[in-house]
Amino acid sequence: MASVKLTDVKKIYDNKVVAVHDFNLEIKDKEFVVFVGPSGCGKSTTLRMIAGLEDISEGTVEIDGEVVNDLQPKDRGIAMVFQNYALYPHMSVYDNIAFSLRLQKMKEDVIYEKVTNAAQILGITEYLMRKPRALSGGQRQRVAIGRAMVRDSKVFLMDEPLSNLDAKLRNQMRAEIILLRQKLNTTFIYVTHDQTEAMTLGDRIVIMKDGYIKQVGTPAEVFEMPKNLFVAEFIGAPKMNIIKTNLLLEDGKYYVTPFGAKLPVEGEKGRMLSEKHAKPGEILLGVRPEHIHLAHPGETAIPCKLVVNEMMGSELHLHVDTNDGTRLIVRIPTLDLDNSERNALVSGHEMHISFEGKAMHFFDPTTEDNLLV
Amino acid sequence: MKQYSDLEFLRLSKWHRFTYKIAAFFRGIPKAIASLFWTVVNLIKTGCKKVADEFMDIVTTFTKGDWKTKVSFVVMGFGNIARGQILRGLLFLAFEAVFIVYMFAGGGYWLSMLGTLGIQGPTQDYDPLLDAYTTHYHDNSFKILLYGVLTIFFIIAFIYTWRVNVKQNKLSEQIIRSGKKLKSGKDDLRSLVDDQFHKTLLALPLTGILIFTVMPIVFMILVAFTNYDGAHNGYSNNLFTWVGLDNFNTLLSWQGGNGGGQSYSATFGEILTWTLIWAFLATFTNYFLGMFVAMMINKKGIKLKKLWRTILVLTVAIPQFISLLYVSKMFARNGLINLALMDLGWISQPLPFWEDPTWARVSVIAINIWIGIPYLMLITTGILMNIPADLYESARIDGANGWQQYTKITLPYMLFITGPYLLTSFTGNMNNFNVIYLLTGGAPTNPAASGAAGSVGYTDLLITWLFKITTGAESQYYLASVVGIMVFVVVAVISLVVYNVLPSIKNEEDYQ
Amino acid sequence: MSKNENTLKRHMGLKAANRISNFFVYLLLIIISVVWLIPFIFIVLQSFRVESTYQVGYVIPQQWGFDNYLKLWNSDFKVWYLNTFIIALASAVLITVIQLCMSYTLSRFRFKMRGPLMRFMLILGMFPGMLTMIILYRVLSDLGLTQANAVPGLILVGVASSGMGYYVSKGFFDTIPKSLDEAARVDGATRFQVLYKIILPLAKPIVIYTILTAFMGPWGDYVFARYVAFGTSSGYNVAVGMYSWLTNDQIARMYTTFCAGGVIVAIPVTILFLCLQKYYVEGVTGGAVKG
């Protein structure tokens, strides 16, 4: 159990490519932190630097207050679960889990105790004699976690542990990782490219792109107040609609004018714009698909034409084109509409949509930063 | 010539594409040369800068360092010992001591004689005790060259070690200043099986390569600039000495004979041509026929696959000298084939398998096929089975017949995967001593090319010629080493060109 | 041709064509097998021929007997055989160790000199190995390791440069996922333990391949062995010794003895090879191509 602190950590490869820029982060004891970002953003590299599998080009990594830059992985008090599980093919499940304990020269009785205990928690007791190749993907994943569990490490590192599993199994294992975390009660650093995993697992999420941290925050923070366009688009599915439009200030009140419709920015968002003295002018307006609704009669609305209607079961994803050809996605709960309304939603259907002030996000078109942060 | 965009290129007909590519290749040559030139310039530039940086670093280490560091500039390892790293310090010190002792004990002599390769050859002196002339041996050119090279290696190693020693002092000072502890001797030893494990693993193999490959090659390259041969063996008859580029002139100029009425350059040209033809034919006949056999065995519906493979693989197992020597004798003038054919009355004269130049050349290639096919069959079988079946399925649905499937799917895939192998196989065949030497020994003799440098035959490759030169009557080692350097140049040029056009190097991911 | 006939033909065609092409394939394979095996059958048959010691125009001996094998027993062949066996055994052990060290390091470690080192060795490999024989011979002779003492000399030279032949096994090591090393290191293994406990057990096929090729190499090594042992029969290996039987002045007396010797040399090597064929094929198809 330990805190992890990264100060100005930088990774520069031999060919002068900078994979991670000035990474600063303090992870508290027993915190579950998720590094998330598209592939090549440097999240795995950062994790591997913490693990000691990559050299740290600049900066320091501290675990439990001790600088570990020059320590071998085995001396850092970490455990790690790899994306492709990295089970030793020539050893049985039991030997795989016992491997690290044997290297510590532990007594076989103690090893037995620990291995069977871990196996029981993970539900793999009956497979202990098998070789990894005789296991299914989910079982291998459990063995990999078991191997990391028995080390009683200070920090638990996971590098995309679920990405090799099929969708159903992934959901199941995700829930199990949450349970595991409650049992182990240690510090977790988890790397993934899947924003759903990040949102559901993390106490805090670190969103990265091209080696830079784009935002650090709780799931709620990054969802409700994304610091910049990248985070806004990355978090949430389907992704946020971005509309190039103008911000108007009339009589102390802010308006946006997407596709000619003049929508007031009401409520808290409007107040925040005033507090920040937001300058009127061109902006990027972000609205999440689930925050767009079909316009009520009499409401200021944006006319558009339906292109594709995806029936997802509990909700409908409507892909619509506005009058200037911009494609937007609208997410409507299926039960909000009655049968005849749903049947009318075929390709080419003319319709009107609208959204409220509290659903709006404002971004500077050049810096792409959130105007309200 | 018009340059096409990618899309325009795709519209061209096959023949048009081919000519365009060739033209593009030639058009690219000046650019390639220019870029090569600039890389070299940049290399020199960065090299100079690095050397300058090193010097600056050494100077600042000295001026800013404490007294322990300063002493270490003269007494290597002093800083380490003074700071508690006894083991490292002692190793440095021991190395310095060995170096100094060596330089005084002999290294200095070898080095000073390297310019002349010896002054005094063997002399006949009158010995009053025996009342006879006895031979006294003095300098030894061979040893001077050998130990001179070794001494230079040693000096380079010493300079490098000295530099490491200086660097270590700087690092130690930094570490102490930042309040951390230095590594102890125990830590050092432990790291040799852990984070420095690669040094432990490489120590032995690289020492072997340095002493038994690098050093001999450097030595032999130098021999090419001397007159070392049987008559100048450097010790018991005459010393040998530097002759500059004379040997290269001899080999490459059109004048001068080698005794057989032909200049060395003509002989060299003839052998080189045959070497290239041989390497080309040996590589590609084996490649295609091996692939053909593999495909036959792999064919759906063919039974006993394992048996066919094992029969062929048997030939790989039997040592080559047995099979080659036996087959060579089998085809000899009075060998089994000729005798049997004559007994049967099919021929009246023995067939000149090894006596006629053309017969001999065809025979070595044919027998090489016999030797090579099993190996190629194994290699291609593995790759053929790795070609995804859906490629063929989709080709069949697209309407390709067997031959089209082969040329459009199998062959491109094979060539892509085996590109690097083909290259090594080609250069390997250029140096295929065993097959030629054991089959024909180079025969039949080419009288025009044979001479002082030994007899030369029509099937001789550069490598067998090299061997003959060194074992011939005059043992012209200098000529052998010039030929060796030439072989290197040819191989290097071919490799460089092929590597640069080989798709498997350029687009590594295409077929993965 | 009526339409009906046409479709009939199209439907019949596939099977019939297959049968015909299979017939030709079998025919070719049989011919190839015969051509490939005949010389070896001939060697065996001629090794039992008693009536003449030279080449004759027929294959099946008129008089069978073990004369040639007896002659072998009474010649220096025993010494050559022992020499070769010692060289092969020592090479198999030492070359395997050296090549595994080299290839494992180059596959797994990323150190500053790795790239230059590999390029340097590539360039070194372009020099014909024969070039270095002259000086190696002189060095060995200064060390007293030529002629009668050729065996240790040949082992030394053969082993010393074997690090250059790391390509095949490196290709194999490259296929073992790196994350296994990393997992083991996180689990607390030193680099040495990673090699010893994880990689070596997984590299069994390539270890056997390396041992096999290193063992078989010396049986056919002719040129350097000739150079080093020149003129001293007690330092010969089988290749050099038996080659001398086929020179013009010896061949008439020794031809069938050569055949008998060939059989004796080939049998153990071939049996060993056939037993380990699986690993050899794996090595060749897996590593050689990437090389």
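As written, the chains take the letters A, B and C, and residue 1 is the first residue of each chain.
Basically, a contact is a pair of C-beta atoms (placed from the backbone, for glycine too) under 8 Å apart; a residue touches a chain by one contact, two chains touch by 3 or more.
Note that the structure is predicted; figures quoted are calculated from it, not measured.
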Quiz item: If every chain is reduced to the average of its C-alpha atoms, which one ends up farthest from subunit B?
Solution: A
Practice problem: Mind naming the chain pair that shares the most C-beta pairs in contact? | Solution: B-C
Practice problem: Report, in whole Å, the distance between the mean C-alpha point of subunit A and the mean C-alpha point of subunit C. | Solution: 55
Quiz item: Between subunit A and subunit B, what is the separation of their C-alpha centroids in Å?
Solution: 53
Practice problem: Round to the nearest whole Å and give the separation of the Cα centres of subunit B and subunit C. | Solution: 20
Quiz item: Using the touch rule from the top of the page, what residues of subunit C touch 2 or more other chains?
Solution: 190
Quiz item: Which subunit B residues reach two or more other chains?
Solution: 194-195
Practice problem: Would you give the residues of subunit A that are in contact with at least 2 other chains, written as numbers and ranges? | Solution: 72
Quiz item: Given the complex with subunit B, which residues does subunit C contribute to the contact?
Solution: 18, 21-22, 25-26, 28-29, 32-33, 35-37, 39-40, 42-43, 55-59, 98-99, 101-102, 104-105, 109, 111, 121, 123-124, 126-136, 138-139, 156-157, 159-164, 190-192, 195, 216, 219-220, 222-223, 238-239, 242-243, 246, 251, 255, 258-259, 262, 265-266, 269-270, 273-274, 277, 280-281, 284-286, 288-291
Practice problem: Sort out for me which residues of subunit A touch subunit C in the complex. | Solution: 51-53, 72-74, 78-80, 82-84, 86-90, 99-100, 103-104, 147, 151
Quiz item: So in the complex, which bits of subunit B are touching subunit C?
Solution: 142, 146, 193-195, 197-198, 201-202, 204-206, 208-209, 211-214, 216-217, 219-220, 223, 293, 296-297, 299, 301-302, 308, 310-323, 325-327, 329-330, 332, 334-336, 339-340, 342-343, 370, 374-375, 378-379, 381-383, 417-418, 420-421, 424, 427, 431, 433-434, 437-438, 462-463, 466-467, 470, 477, 480-481, 484, 487-488, 491-492, 495
Exercise. Going by the contact rule at the top, pick out the subunit C residues touching subunit A in the complex.
Key: 177, 179-180, 182-190, 193, 197-198, 201-202
